[in-house]
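We just call them A, B, C and D in the order they show up, numbering each chain from 1.
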Amino acid sequence: MKETTIVEKEKVEPNSAVLIEGLPGLGMIGKIATEYLVKQLKAGRIAELYSPHFAYYVLVNKQGTVRLLRSVLHYWKNEKGENDLIMLTGDSQAQTIEGQYDVADTILDFAGKKNVKLIVTIGGFRKEVKDEPQVMVSATSQGLLHKALEAGAKGSPSGNPIVGTAGLLAGLAKLKKMDAICLLVETPGYLSDPRAAKSVLNVLKKMLRFDVDLSGLDEEILKSERIEERMKRIEEERRTSAEKRRKIEEEKVSYIS
Amino acid sequence: MKETTIVEKEKVEPNSAVLIEGLPGLGMIGKIATEYLVKQLKAGRIAELYSPHFAYYVLVNKQGTVRLLRSVLHYWKNEKGENDLIMLTGDSQAQTIEGQYDVADTILDFAGKKNVKLIVTIGGFRKEVKDEPQVMVSATSQGLLHKALEAGAKGSPSGNPIVGTAGLLAGLAKLKKMDAICLLVETPGYLSDPRAAKSVLNVLKKMLRFDVDLSGLDEEILKSERIEERMKRIEEERRTSAEKRRKIEEEKVSYIS
Amino acid sequence: MKETTIVEKEKVEPNSAVLIEGLPGLGMIGKIATEYLVKQLKAGRIAELYSPHFAYYVLVNKQGTVRLLRSVLHYWKNEKGENDLIMLTGDSQAQTIEGQYDVADTILDFAGKKNVKLIVTIGGFRKEVKDEPQVMVSATSQGLLHKALEAGAKGSPSGNPIVGTAGLLAGLAKLKKMDAICLLVETPGYLSDPRAAKSVLNVLKKMLRFDVDLSGLDEEILKSERIEERMKRIEEERRTSAEKRRKIEEEKVSYIS
Amino acid sequence: MKETTIVEKEKVEPNSAVLIEGLPGLGMIGKIATEYLVKQLKAGRIAELYSPHFAYYVLVNKQGTVRLLRSVLHYWKNEKGENDLIMLTGDSQAQTIEGQYDVADTILDFAGKKNVKLIVTIGGFRKEVKDEPQVMVSATSQGLLHKALEAGAKGSPSGNPIVGTAGLLAGLAKLKKMDAICLLVETPGYLSDPRAAKSVLNVLKKMLRFDVDLSGLDEEILKSERIEERMKRIEEERRTSAEKRRKIEEEKVSYIS
């Protein structure tokens, strides 16, 4: 494979659609949120994206069959509202600089052909979170920003870089005169963070005015909180015992001097 | 050279063929197995593959002549059974991400032109081995998997990445609607492992129903076992003397404190 | 985006122009000088340069809108003198070797179309500076060198490499039979250095015979001097306390032995 | 610049020529030898090679003019013997894997157009040298090997990799059915080694049957021997004083324990 390639599995022709991107990244938020949407909306797989800029290994699935790293695109026909949804998630991001630009470009070309009117990218940014994780918004235009603010997002601090596909899709969209919005949500980031994914989906459903039940994420959230607590306990024990060791060492030294 | 290039040395036109790939990797298993097949079947060299994605040095052979890094393809006409064999091995794998995809792609294009119906890739995966090294199989379809399981392979654990040409050939084959199967065999991996190569060839000959005498590998296996034992002995001595040194140090410290 | 691209915002057709390049680098001198010129001359934005060789992130500006990394080109019509100015600055340089050559090449192609007769590149080179920072000149021809020497620059020491876009623009210009001149100014380099930027602009305005008031930089210079002094004080304190610690350690050791 | 480019300065049309390559590498042998030949034979510059795969900086020469990194090709019309010489040397080698193959390929294309019948590449390989540095030869054919052996070279040990342009030129030449020979000479390699360069030129002039006075290298050899001796003295002093320090430390420790 010499070029990034999108293989269509089912031809769809939306009148107007929103493309939601959620690839692996900090806290796996984009991936969790997008995969949850796909499952909850029973969206159908319409295409797969392959690229020579992905890592050079293949995965073995449960049935023992191999497959290349890829992104997958699902489609949900919105029977009640204005916008259909195309959801993109996948195994990984491109591994080289030029590859990152190339993959984002290929996605936007596909979006253009499918009458996508808005690109929404989802990601996390590192922050210790106390209560509800806040969603920060940036966009290609002021109008879009206001829609997200109304839906509960906060303005993104300026100067903030948005790294990878989530950022480049928005930046390149602007260049191609397409609308795009980035939703980054606070996350400690070292573990899968379904709580942050729920926050971002709450903003998204209000903003795009479609209905989806998010309670299915609560069990995942409970599980992740239990893991987090266990890790905190282990870390505390490690720190206490390191502290003890340090004191013993200090006593030796002061004894000598 | 600006492109990966296959130089044909002899035109062959199989009706139906299997391409067996065995490039250098963990335990050198693919290379050992493929080279043994080539020698044992007296297969003839039909082509060489060169690529600007290989490392930028040349090798000097015994006669003092230089040559680029390359892969070589050999051909064996199966007079008794259904499938002819094309065997690919070589000096090294591509050195860049995009190069890995490009080389695998070029091999598959060649395979398509030669009526190859099945790609078999051979490699190792790291594991301390007690008795007979197990062969793990993954494939592009359930039907193929079953054939390999019948021939003595075990199912590959899911989630397992298969890195490099062995993986990409199978993944890209699937994308191009070609059949492919990966045979990975257990190996400690730090030394050339002819024993693991023999295990994989045992599965292969049963699966493809061709006959080849594998006893020629036994001498290599004996040699490698002797090297392994010697290395274990050296490692043990190193550990014992390090242990002694550590104790002396501890005594000094305890004397001071 | 697969290629470095210049997007024109406003078509201009200079009879004869000078292109001044000042991208981020040592001491941020090129960027400070070029941005000051743009502001002071009230130059209008005529084009933006985007490249898949820039880093793969986007920036969020104060209004919360996202944008790709880019270079921007401004144009100033010189009503009194001979040469109009095109000024190029931006967020960053290309991140790969081939990208550096590609971006410089694209800039020169644009310059050619805009009747640019001279390329001036601005940068810093690391040196502890006592009084006025000296400007070192190198160029594509002896005639150009003399003009810069007359304007107060000194000859650049031979063998000196000029790294990045500032260097490649000049080197590639020569290959394309265009005139180019590099002005590198002495700078300690670890902080933004408006004083060095003022030195370079002083040479530039004399050489190109255009008038621009540079007193607006004086406030920036004062600010940066204050920061520098504070950092020196902190560094001195750090050194003093490190010295103390070292002496205590030495006394311990000599006590033991 | 998007492609490796050769700019011809003077059109020459040899009936039959040998291309001698000597780029910077271990001990700078290729560069020293080739530059000496150029000077001694009063060869004229016929072409320059530029590449986006060279490092992204420019050099300033003594007159203060800038230039891109490049290779230069000189031509010597052999009035007495059979073969004209084209000599290639330069600032550096390509910086990426694909760039290395691309530059070597471009050189061979040029050589083909100029009726080059033989490529000779010169380099060093690391070895402590006692008397006369030995020249090791490898080539694209047995016939060529014998010519070099007759001229005083020794056969290169097999398995030896020849890295960079010196190797790739020979490997790619073979692929293109051109003749090539690599002369690698023993060198400690950490300093410029004119003595090794003289050894290789001695073999070369015998093999190609052209006459060139090599005594001009003797002064360089004397200079380099003096530098070498000074460095050995410094190294010895360093070792002696390190030894002393170590003994003092040991005495302290043994005093404590």
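The criterion applied here is as follows: a residue touches a chain if its C-beta (ideal position, glycine included) is under 8 Å from a C-beta of that chain, and two chains touch if they have at least 3 such contacts.
Predicted, not measured: the structure shown is a model, and the values here were computed from it.
Setting chain B aside while the other chains stay in place, the touching chains still form one piece. In the CA-based superposition of chain A onto chain C, the rotation angle is 90 degrees, rounded to steps of 5. Each chain gets a centre from the mean of its Cα atoms; the one farthest from the centre of chain D is A.
Under half of the residue numbers found at the chain B and chain D interface occur in both copies, marking it as a different-residue contact. Note: centroid distance chain B to chain D, computed from Cα atoms, is 37 Å. The centroid of the Cα atoms in chain A and the matching centroid in chain D are 52 Å apart.
Residue positions of chain D touching 2 or more other chains, listed in rising order: 256.
Under the contact rule defined at the top, the touching pairs of chains are A-B, A-C, B-D, C-D.
Of all the residues in chain C, the ones that touch chain A in their complex are 1-2, 7, 50, 52-69, 95-96, 99, 251-252, 255-256.
Residues 97-98, 100-102, 104-105, 137-142, 145, 155-164, 167-168, 170-172, 174-175, 180, 182, 253, 256-257 of chain B are the ones touching chain A in the complex.
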